[in-house]
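Note that chain A is present in both complexes that follow, paired respectively with chain B and with chain C.
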Partner chain A sequence: MFRLAIANLVQNKTRFAVSVGGVGLALTLVLFFGAVFAGAQSRLTVYIDRAGADVWVSQQGVRTMHMSESALPAAVAEDVKSIPGVEEVVPVLYTEGVIEANGKDYIVYVFGVPAGAPLGGPERVTEGAPEPGPGEIVIDHAVASEAGISVGDEVMALGQPMTVAGLTSGTSTLVSSVSFVRFEDFAAARGEGQVISFVLVKVKPGESPVTVARVIEAQAGDVTAQTRQEFASEERKLVQDMSADIISIMNTAGYVTGLAVIVLTIYIATVARRREYGVLKALGVRNGRLFQIVFVQAFLTVVIGLVFGLGLTLALSVVIPEFNELIVLSISTGSLLQVSAISVLLAGAAALLPARQLAGLEPVAIIRRG
Partner chain B sequence: MKMEAKGLHVDRVTKRFGSEDTEVVAVREVSLSVEPGEVVLIMGPSGSGKTTLLLMLGGLLKPTEGTIRIDGVELSALSESKLPDIRLRHFGFIFQDFNLLSALNVLDNVSIAAELAGVTRREARRRAAALLGELGLGRRLRFSPEKLSGGEKQRVAIARALVNDPALILADEPTANLDSSHGHETMRLLREIAKGRGRAVVIVSHDQRIRDIADRVLWLEDGQFKEAVTMAVDPVCGMTIEAGGPMAVYEGVTYHFCAEGCRRDFEENPGRFAGPSVPPAAVTNVT
Partner chain C sequence: MNLAIQNLLQDKVRFALSVVAIALAVMLILFLLGMREGVLRTSVIYLDHAPGSVAVLPQGVKSTSAGSGQFLSPETAEAVADVPGAERVTPVLLVMAIPELHGSKQVIRLVGYDDALGGGPWDMAKGREPLADDEIVLDRVLANKHGYRVGDPFEVAGRSLKIVGLSNQTSTFSGSFVFARKTLVESVALAPGSASVILVTPEPGTTTAELISALSAVPGTNVLPKREVMENDRQVVAGIFDQVIFLMVAAAFIVGALVVGLVIYAATIERRGEYGILKAIGARNGMLYRVVILQAALAAGLGALAGIGFAFAMGELVMNIKPQFLVAIQPSAVTLTIAAGFVMALLGAMIPARAVAGMAPAEVFRR
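Right after this comes the complex of A and B.
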């Protein structure tokens, strides 16, 4: 029966190619959006991941950078530094804003970092100065490329003109990127010198960031201290929650399209061979064996479609960043397993309608009445 | 399951469709026995119940009344769930439209029937190849059905019907879609299956040519077998005909003719056509 299922499936090669292609494209849609989202999500916490801080201290109750604002007295940095287990502290200022270049605005996360700070400064500088000087800004090279600017050019940031001192890599997403300015410039632009956004903490070797974070919360007062992993996790969760509906709609659209293609393919293939299945029944083939045929056909269509979709998504993940560095595709094992599992369920669901057709098929009908 | 004699034994089988005002009796108290090695042809007008009877004989329809036994197995007493296995192992079906599986090649079309009956793939293919070779299709094993002639397709269907070594071959209009030469070839094969392989063969057909190879011809009308049919060979043209038309008596023997022209030719020179080489009229009985 397995042989017959495969033979039936591939006999009409055009129909088979269209079916597998249709399923593959539908699953590519799901995998692609998942990969874009995962890529954007991985970039979302890139600053948190690379800043070098083991513990992030924020205003009490503030657990994310997005959709909240942390304001701490500048003195908190000194309080935290005196806590046992703390090796380094760096106060940083943070805001979401825009840089204006060549008449266009680009959304950026701007960090104000003290000169020579051991934590929180620019990472992976590909061109120019390793950190901004007075009146200078370090931006992501993908944004610079998009805006057509380079080191030495002038942009508007925090409401004032700044010179691009350096370019970093790997901090840009479709919607934003990370930029760095001098702490003093940020404070001056804000007009408030005694307030900071976060305190970045590096713990002493051998100390547990979790333990130190709890001690900071207990001793510094009115602050929330989270390990880097906790802070990044909260950040991802927030964005995931914000995007969940859109992602669900995208995935549902992809799965429904895939399901429709499989159902149509298997149904049409079954109806087209109704007479042959009737002959098999007349010869003595039971319904169960005929069901095997349609399930094998649906399963193979989905598996080949999935492989095609995965291949296409992997190809896109290589090709697209070559043309647009702002788009990063990240295919995780988890999302692949999820799509695979749902695809198998789709195959089962897609086979139900044709199987029902076969169950109701009367072999008598294939022999003319005399 | 009650074991009885070999062959097909049908006892007072009736098939009704509908009930009360809408009831239709398609087959009415039909009895029939077909022994191994025998070819029985069932003829009759459209709507006479031929196919309904064939479907019941093949375990595809259950009779309303009566019993059908194949090699001692009473079909009518079996549950629906057991009939598919019986059909696979005890019956070989040959259809008007060949009904081959278009996606499979010739060899697979035959071997799949054996595999479905539980034969290993290797043995099934060996059996199929041997049968197809015997039927003159040894060079067509890898061909797709669509590349075969009508006669070749029917030979593949015959091989499929034989591959599980069934006791009974049921053929529904096996020559209807074949030209004259392929029709004769199929008829010869069906007779060879009966005589050479000892199978019981039941054919439902409108094709008068099949009378030539039938041991008995049964006439079904209004769901019942009618009077015995007398068969004869026209001594002038050699055609097998149903007695009842033009006839002549010569030296005490009655001769039947297909048409007046043959009778006139006979009467002009009876000594030329009559003689020991001319077979006398053949008479068949209904059971």
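Right after this comes the complex of A and C.
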């Protein structure tokens, strides 16, 4: 039965290739969209992970960085430093702003970090200075490459011309990347009083960041203190919540298109072989057996289409960053399992229509009709 | 023509399925383009409704899409108000906040405005505008989604505020607008008297260009026509969305072309006997190509028409289920999609055309 299903399916290789291509591309739509989001998510918390802070202190109620604004009186940094268990504090300024380079705008997370700060400065500097000097900025290599600029060139950031002092790696996503300027430059550009965005805290050896965070919240007043893990988790949740609706809409569109292509493919394959099915029925093969053949065909088309779609998405994840380093694609196991499970359901649904055709076949009539 | 239609309609279920599959590919293209247009439109919905034709931004800032981290100082706001030719000056302070509502994080943009100067909600669904520093107007879609009503408390940035009104047209794909008195937002941002943008309306007799020229003398500012700022805002959002959307449109386009190819190929192979006879009696390949292309064009044409209908239906469905999304299908996108449908047909016809060309009359009969 299995061999008959395969023989029937691959008898016409062009048709089979086109079918698998159609199904594969429809599933690629779903996998690709998921991979773009997973890629963005994989780098979402890169600054939080690399900054070296055990605890992040922000304005009360502010638990995230992306699309968020936190304003704290500068004096909070000193208050936090005096709390038992705190070894080091670094005040930073932050905004989600725009860098203009070579006439093009790039959304960036800009951090203003004090010179020589033990926490929060640039990490993985691939070129140039390890931290920005006055009037300087350190940007991500992907933005520099995309804009065609290098160390020593000028960009507009925080409303003023700044010289690119260094390049970091691995902070860029489709939406943003991380840049660093001097704290004083940021404060002057912000233009309003003694305000900071976050206080980065390093706890003393042996101290629990969770405990220190709770003590900071209790003692510093009107602040939210989170461990690095809590802050990163809130950040991931924000992007998940923001993208959940759009992802479900896109996935539905991709799955429905995929289903239509699979139904069409299996239907065409079945109808093209109706004589053979007629002969099988005349020989006494029951409808159930024929349904199994159709389902195996649908299943094989979907599985091979899925492998093709996966291969194509993997190829895109290698090729696209060659042309645009800002797009990072990452295929998550969860996304792959979800697409695989839904694909099998699609195969089952796709087999229903041709199966009905087979049930209605009259052996003699079909042989007579040819 | 007759041969093409007969060939295509010989199996009506297959033909219907093929039209549906092409329609879905076309729908996907049109829907994605409609989503993109909706996202771009809603990205400027506030500025579009705010007063004034000139925008005064902090130095070097061109857009309000991303936070600039910069504010216009109270002195700058005063200097702008004193510039001759300005009839109405509307300072606005914009701050992002992410409250967690029913376990889900919601992006909101707090708009701080002075009700005497404008810049507040333009279409109130219920209630009134805020009169005190603990009052807000919440977006109606956000309120409905989370069951908030006028009079309910709402927490932002660690403050408990009271909802005094609900506004229409203030929901976007990326979040919702929440309106408050400017003094409240100043206290949240720790930026007393500051503004993110000052919108200026010229006096009668003063042109926008004259006003921009006069305002440009105020230090620490970047003065632009409001339309230009809106275009910059759209560009920032387009920069994020376009690469992904266009790759998905390309994939949907190829799916459509493959479906056309598959259907016409199946129809052609099934009728290879007839094609063999035509070739044997002297029909040239050119004539057979025309038959194949005509079939492809018919399938793609019908598929494209149905796809346009599907796209509008899906747009309506999505906007009903998820009111924060605007799906705006433009006539230009419809034209583009119809053209894409026919290009799909031509590309799809290449596979069966090759099959027809490669057919040897005698061989067909032998098989």
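Heads up, the rule we're going with is that the second predicted complex is superposed on the first by the 357 of 370 C-alpha atoms of A that agree within 3 Å, B and C clash if a C-alpha of one lies under 4 Å from a C-alpha of the other, contacts with A are read in each partner's own complex, and residues count from 1 in each chain.
One rule holds in what follows: a residue touches a chain if its C-beta (ideal position, glycine included) is under 8 Å from a C-beta of that chain, and two chains touch if they have at least 3 such contacts.
Here the structure is a predicted model, which is why all the values come from computation and not from measurement.
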Touching partner for A:Met242 - first (chain B), second (chain C), both, neither: second
Touching partner for A:Gly61 - first (chain B), second (chain C), both, neither: second
Chain B versus chain C as contact partner of A:Leu336, first or second or both or neither: neither
Most chain A residues touched (candidates chain B, chain C): C
Which of chain B and chain C A:Ala129 touches, first, second, both or neither: neither
Interfacial residue positions of chain A with respect to chain B in the complex: 3-4, 7-8, 11, 273, 275-276, 279-286, 289, 363-364, 366-370
Residues of chain A defined as touching chain C within the complex: 12, 14-15, 18-19, 21-22, 25-26, 28-29, 32-33, 36, 59-64, 67-69, 71-73, 93-98, 100, 105-107, 110, 156, 158-160, 174-175, 186, 189-193, 195, 222, 224, 234, 237-238, 241-242, 245-246, 249-250, 253-254, 256-257, 260-261, 263-265, 267-268, 271-272, 316, 320, 324, 327, 353, 357
In the complex with chain A, residue positions of chain C that touch it: 11, 13-14, 17-18, 20-21, 24-25, 27-28, 31-32, 35, 58-63, 65-71, 73, 95-100, 104-107, 155-159, 173-175, 188-192, 194, 220, 222, 232, 235-236, 239-240, 243-244, 247-248, 251-252, 254-255, 258-259, 261-263, 265-266, 269-270, 314, 318, 322, 324-325, 351, 355
Partner chain A, residues of chain B touching it in the complex: 44, 46-52, 54-55, 58, 60-61, 83-89, 91, 93, 95-96, 99, 101-104, 108, 112-113, 116-117, 160, 172-173, 204
